[in-house]
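Got a structure here, written out as structure tokens. Questions coming.
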Amino acid sequence: MPYVNVRITKGATAEQKAQVVKGVTNVLVDVLGKNPATTFVIIDEVDEDNWGIGGETVTARRAQGK
Amino acid sequence: MPYVNVRITKGATAEQKAQVVKGVTNVLVDVLGKNPATTFVIIDEVDEDNWGIGGETVTARRAQGK
Amino acid sequence: MPYVNVRITKGATAEQKAQVVKGVTNVLVDVLGKNPATTFVIIDEVDEDNWGIGGETVTARRAQGK
Amino acid sequence: MPYVNVRITKGATAEQKAQVVKGVTNVLVDVLGKNPATTFVIIDEVDEDNWGIGGETVTARRAQGK
Amino acid sequence: MPYVNVRITKGATAEQKAQVVKGVTNVLVDVLGKNPATTFVIIDEVDEDNWGIGGETVTARRAQGK
Amino acid sequence: MPYVNVRITKGATAEQKAQVVKGVTNVLVDVLGKNPATTFVIIDEVDEDNWGIGGETVTARRAQGK
């Protein structure tokens, strides 16, 4: 019955997101014996203006070549 | 002072979302005696490519008629 | 397939939490036609030292009779 | 290593969001001595139809002049 | 720079939680090319009284042999 | 009407948490003109066994002197 929320910056393809769902679900089944039928994985894609690290947005960091 | 986050796949109308806000707030007022004026309900609508269950995205499941 | 997270300050009984789960699930079934079998409701009980409103913790507010 | 999620209604500018990231990071550095390099701040901008308070959506409240 | 939140009912060992952290991080590195050094995985262990599915708490379901 | 969730490893004092609440609220008031009376700040303190970075738990990293 796990719930997993994956937050990443935008840019993943539908195929990559499907692989993330599958891979993360497999980890919970393999390690914890969870039932995949009631395992949720929700992916949030976040705009680079809205993600900060080191006190700066990702937008600002990329503009500086970080 | 409760905070409630409701996550659903896309497709609800504005009227349905207003009813969810009202209904969930009423539950917290009726059961727990919370003050509605400081009860927040935030609805996140998630793309079917971004919601996984059973190791697959909802997009993939619906394509298979699940 | 909804996921709901309810965050409240500590103090609810097990019976009240069961009623919140039931009531919130019913709202999603009645308003949005969701399947209760895949509707998750997770309640987080937060310590009053860890919940802030108006720039103060609930602990501080209650000490002032707010 | 903190993670901060800020949820606001839509309407902030990129510059304001950068200031929120900077300001919140500074609080965690100053108060808790956290390392900014591993401090994440993610801002979620929520549609007014999807944010409820007092049992109503913000959309409904603003239409009534609240 | 991903952030992952895994929510499960209580009962995992420290070793299992370490394996979940490792496994989920590997998925994000392998599928999306993310940098593990800035990949966070936070596990929340939820009491069975606080997790509802099908309109009932897990506590109630287990008492009924579900 | 903002909602802020701050997630940190355990170890902050009540006084530090009160300062985080105050500081984060001030940022939202100063930068975005938000009303502090409806600004929530919730702090989650996470066990080091439950927080992963770089594919390892904080517990494992600290045992290695990282």
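Note that the chains take the letters A, B, C, D, E and F in the order they are written out, and that residue 1 is the start of every chain.
The rule is short, and it goes like this: a residue touches a chain if its C-beta (ideal position, glycine included) is under 8 Å from a C-beta of that chain, and two chains touch if they have at least 3 such contacts.
None of the values given here were measured: they were computed from a predicted structure.
Shared contacts of subunit B and subunit C, meaning chains that touch the two of them, come down to A, F.
Centroid distances built from C-alpha atoms place A farthest away from subunit C. Looking at C-E alongside B-F, one finds more C-beta pairs in contact between the chains of C-E. In terms of the distance between Cα centroids, subunit B is separated most widely from F. With rounding to the nearest 5, the Cα superposition of subunit D on subunit F corresponds to a rotation angle of 180 degrees. The distance from the centre of subunit A to the centre of subunit E, with each centre set as the mean of the Cα atoms, comes to 13 Å. In terms of their C-alpha centroids, the spacing between subunit C and subunit F amounts to 20 Å. For subunit B, the set of residues touching two or more other chains reads 1, 3, 7, 20, 24, 26, 38, 40, 42, 44, 51, 53.
If you draw each protein chain as a dot and join the dots that touch, the picture is not a line, a loop, a star, or fully joined; it has some other shape. The full set of touching chain pairs reads A-B, A-C, A-D, A-E, B-C, B-D, B-F, C-E, C-F, D-E, D-F, E-F. Looking at the complex, you find that subunit C touches subunit A at residues 1, 3, 38, 40, 42.
Across the complex, subunit E meets subunit C through its residues 7, 46, 49-57, 59-60. Taken together, the subunit B residues at the contact with subunit D in this complex read 14, 17-18, 20-22, 24-26, 29, 36-45. Partner subunit C is touched in their complex by these residues of subunit B: 1-9, 12, 16, 19-20, 23-24, 26-28, 30-32, 34, 38, 51, 53, 58.
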